[in-house]
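This is the structure I want to talk about, given as structure tokens.
When the chains are written out, they are named A, B and C in that same order, and each has its own residue count from 1.
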Amino acid sequence: MEFKRKPVTDIGIDEALNRVDEEKIKKAIQWTLKKEASARLKIFVETCMRCGMCTNSCHHYLGHEGDPTYAPAAKVKQTIWDILDKKGNVSKEDIKKYARIAFSECNLCRRCVQYCPFGIDIAYLISLVRRLCCLIGVVPQYIYDQVLSHMQTTNMLWFRQDEWLDTIQWLEDELRAEIKNGKIPVGKKDAEVLYLAHGLEAKYMTGLLTNMAKIMNVAKVDWTVPDTDGWDYTVKALYAQDLETMGKVIRTHYETALRLNIKRIVIGECGHAFRTAVYEGVRYLGWKEPPIPYIHGVQFFYELIKERKIKITKKIEEPVTIQDPCNIIRYRGMGQMLRYIVKELCENIIEMSPKDDHNYCCSAGGGMIDSGPPWKTARIEGGKVKAEQISDTGAKIVIAPCHTCHKGIEDLNVYYKLNVHVKFLVDIIAEVMEIPEEMKP
Amino acid sequence: MEQFLNDPSIYTLVRGPLVWLAFIVFFVGMLYRIFTTLKMAKKEKVIYPYLSFKYTLRSIFRWLMPFGSISMRKHPWFTIITFIFHICIIVTPIFLTGHMELWNESWEISWLSLPVGLTDLMTITVIVCLFFIFLRRLIQKDIRFLTSTSDYILLVLVALPFITGFLSHHELLLQYKIMLTIHMLSGELMLIAIPFTKLSHMFMFFLTRAHTGSEFGAVRHSRDY
Amino acid sequence: MVNWDWDIEEKLICDINEWKEKFLFVHELIVSADREKISATVEIEDKKVTTCINGKIWENIFERICFPQYTQEGSLICLVLQNYEWTLAKDDSLLEETFDYAWNLKTDLSGKSIAFNIKKGDSYGVCLNGKIWDNLFFDARDIFLSPDGETSASYVKIKNPPLLDIFSSKEGIWTVGINGNAWDKSFISVYGLCFSTDSKKVAATVRLSQQEFTVAIDGIIWNETFLNAWEPIFINENDVSVPVKTENGWTLAINGKAVWRSFNQLWHQRVSPDGRIAAVVSTEFGKWTIAIDGKPWEKTFSQNVLPPFFSPDGKKIGAVVRENNLWTVAIDGKPWDIGFDRIWSPQFSPDGKHCIAKAEKDGVYFIVLDGKIGKDVFDILWEPQFSPDGNKVLIGCIKNGKYLRKVLRLNEVLR
């Protein structure tokens, strides 16, 4: 069986390859596989029994059933094993293939790891492939653009500092239409909570930020957002495996909180940022765990609802289903918290199968959606099983507490005609929570 | 060839020093592999700090229990075959009456031995299982894609001692002594191969499961099974 | 500090409760360094705000007030929006110049120089003491002032490739702008800008490629590059130290040469008054401490260690550390034996014998002196400060809604 794919052009890969020499490729391979990787690479490669237990676990394989080149172990075979077999003497064509597999056929969701008798961490091995691509300078254009922005501005979308401050100010003005004396404190020292936002919340999805502000005000949380760079919690460098930038961004987040003497960082509904902030990022920097608590939106809402800091007045009646984002469920076991919240908000919940930490990835995660338009088809094809899962529930609303899942499922919704609405928890909560009389303008 | 194998000095060699050699290489090789792996893991920094005894045990327990993981439940046939296969392949040589006699003879140690009929059956089971595994490798597309020649060689390597053991016991095909020599040789070969081939998964299993089990259980609060 | 009032033991400055009745909304409270003044942005009507100092409000009314702060001399400065234009307000008088946007307000140590980032049309830069840089840029981020207050600097964008033009961006579009003049070379990323102690030189870490980081001083880069690097500092008028990553780990480099052993991590290097260098290091994965001239404290902390601080003679070194989810202070490697939910900028007494800090536990604030909790608890407390002779401690605090300025004798703090 051959590796057959429709041609896709991405200047971040094709054009970048034109600009590098073979020497650089060799060096990057040496560095990644000899210097950075060691025991895990060796053991995982040597212990894989090629048993195929992992094959069916991967949504990409299920989306291309019968094509063995999409199976998890096969992706390792066609990349890492290939490099090792060729003793690092690989061609530019090879790199192109590796990049395609690593960036557009694996979401690093780690579902396959649950299926392997040896617990072989395929996502780790695919990350190594991305890392060496990154060192060569071969990264999908859309990801790389965001990473370049992160390098200097810390945010993902080249936002200037005044743009962020200005956005917060007009959002606050809007908030006042709904909440009396509503406030989005900026750079407030000694607050309990530092809220970081998704880059897009400052530009295209400002409604999310307003709703979060509404909840913070109603729940009377002592909160603030940064008045400096570091307000954007996204870390697209994770996708590119640009560890240097990833470390810098994560460090900026924590140092911003420490400078303002904040008790804990709260972020919205985002998977990769959470994962980077509690695993990859802190580990790269040398912390065993986050130096101060780093709380995901799901954990935060769970707390607010459980402690009755906000009251839910009416529940959503339409049938809903729950998307379990890999980066907070399989990576942090928030499944039960998420279900507690959804039960408080909705009458009629129909679960997907499988669910919780066994759920399938949305096929947009791990940078696939960030790879942009050239790779959309890959993501839609990989999302076939997710689309089936959703349509099997018959739900009208999919609650997806992750920016990537959210957008990914929205695209699946259109393509597979699922007829659902994809919603964030923050939007639902802002819709169904009680705003006390005295807080109304 | 037959002449050669029939030579009593060959038999003595295979029966004596080579057994020693095989066991020494097996044990030393295994310890060496484990040691170097643990040392390498230290270099990675992020392995040891996260190891959890509790979740290592949970992980190993789940994966040594038939149908203990979702993966096994999704692959019932393969699970049944591999469990029977692994049990037989470990139990048969250790508790075989014939082996027991040899051990007793050489080292004066012995333990419970299984009835000959049973071990015979188990030997056949191993061979049959191996055949299924071979077929699966050959037929199932995704596995064939992963397979390289070395995987087939390994299957043969594992099958040989069992096939020859069975044949020699039943004095089939070749003269008993010759078959026995081949049997011992192939057994020794397999033992020696374990630490240096994918067969090392028999002990690497515990190391990778410790890492992945701890990461999933203690750090990610989710299941690795 | 010397001419501050160190005699009056307790002064009621004003009742904040009254403010809350008088105004629609009272924003965050801030206090002057001598604790004589307390102020807040207050809302008179919706979108009409002003500054209230010790109960008296300014005459000027604004749509917004941002970055309010006291200078060392006790003036209140802030960036304000009035009639849809931004400008600087200092003690109720406004700068004539207005801007499309103004942010990142900063003063030098003396408090005489004031600088902030500005936007005019589509151009970005800095306004220093009322004067806008001669050259403006595609973007300007963050503001830095030299110790003498004469020079302002910012990270500036000198090329503006279209979105998604990764190859142009990769060639480097950022550099340092100083008083409106950008360095010739541009980089993928530039950070950690700092001035030499004599205000004459500027250094910053620059990123040349994926794994090539180095330091640029006045636009000239070192010959040596490193796998990664954090923020540099000048250790005197000429020499620059910077944490760098080599194949063996992180170490401290001075003028391009690694001078310390390798650590798992290293950052926040600081020069003590007696000329030693102390930095936060991770001796091994998950273990943090302070290293002085490359030698780490024996005691390590599992969660975090903040930048070191020094006694005035430089003999003692302290750091805020975190362990078991609690913060405390460690001095010369010995942590206090109580922990807190939070702790604020600890400070040594002038003779270095004592260390005082503000701390919080279970929602109340108190003073901590040498690891012992002070007798009083406060609703709000600002960082306590030692008198020049070290015998007294000045605090500003709020109790029952009243802002008090107190001078405590050292031996009164605990008892």
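Quick note on the criterion: a contact is a pair of C-beta atoms (placed from the backbone, for glycine too) under 8 Å apart; a residue touches a chain by one contact, two chains touch by 3 or more.
Keep in mind that what you see is a predicted model, and the values were worked out from it rather than measured.
Peer 1: Thinking of each chain as a vertex joined to the chains it touches, would you call that graph a line, ring, star, complete, or other?
Peer 2: The chain contacts form a complete graph, every chain touching every other.
Peer 1: Report which interface contains more C-beta contacts, comparing B-C against A-C.
Peer 2: If we tally the C-beta pairs in contact for B-C and A-C, the bigger total goes to A-C.
Peer 1: Based on Cα centres, what is the most central chain?
Peer 2: Answer by centroid distance: A.
Peer 1: From the C-alpha centres, identify the chain that is farthest from chain B.
Peer 2: Measuring from the centre of chain B, the most distant chain centre belongs to C.
Peer 1: Determine the centre-to-centre distance between chain A and chain B, using the mean Cα coordinates as centres, and give it in whole Å.
Peer 2: Chain A and chain B have C-alpha centres separated by 41 Å.
Peer 1: Averaged over CA atoms, how far is the centre of chain B from the centre of chain C? Could you give it in whole Å?
Peer 2: 63
Peer 1: Averaged over CA atoms, how far is the centre of chain A from the centre of chain C? Could you give it in whole Å?
Peer 2: Going by mean C-alpha positions, chain A sits 32 Å from chain C.
Peer 1: Using the touch rule from the top of the page, what residues of chain C touch 2 or more other chains?
Peer 2: Within chain C, residues 264, 285-286 contact more than one other chain.
Peer 1: Mind pulling the chain B residues that touch 2 or more other chains?
Peer 2: Expected reply: 46, 49.
Peer 1: What parts of chain A, by residue number, touch at least two of the other chains?
Peer 2: Residues 288 of chain A touch two or more partner chains.
Peer 1: If you look only at chain A, which of its residues touch chain B in the complex?
Peer 2: Residues in contact with chain B: 1, 38-40, 42-44, 46-57, 61, 66, 68-69, 71, 73-74, 77, 113-121, 279, 283, 288, 329-335, 354, 357-358.
Peer 1: In the complex, go through chain B and note every residue touching chain A.
Peer 2: Going by the criterion above, the answer is residues 37, 40-41, 43-44, 46-47, 49-50, 59, 63, 69-71, 74-75, 78, 136-137, 140-147, 151, 198, 200-201, 204-205, 207-209, 211-213, 215-216, 219-225.
Peer 1: Over in the complex, which chain C residues touch chain A? Could you list them?
Peer 2: By the definition above, chain C touches chain A via 24-25, 27-28, 43, 46-47, 64, 66-67, 101, 103-104, 117, 119, 124, 139, 141-142, 155, 163-164, 166-167, 169-170, 174, 188-191, 207, 210-211, 213, 227-228, 247, 264-265, 282, 285-286, 288, 302-304, 306, 322, 341-342, 344.
Peer 1: Mind pulling up the chain A residues that touch chain C in the complex?
Peer 2: 11-12, 15-16, 19, 35, 134-135, 137, 141-142, 144-145, 148, 151-153, 158, 160-162, 165-166, 169, 173, 176, 181, 183, 185-190, 227-229, 242, 244-245, 247-248, 258, 261, 263, 285-289, 291-292
Peer 1: Which residues of chain C touch chain B in their complex?
Peer 2: That would be residues 264, 284-286 of chain C.
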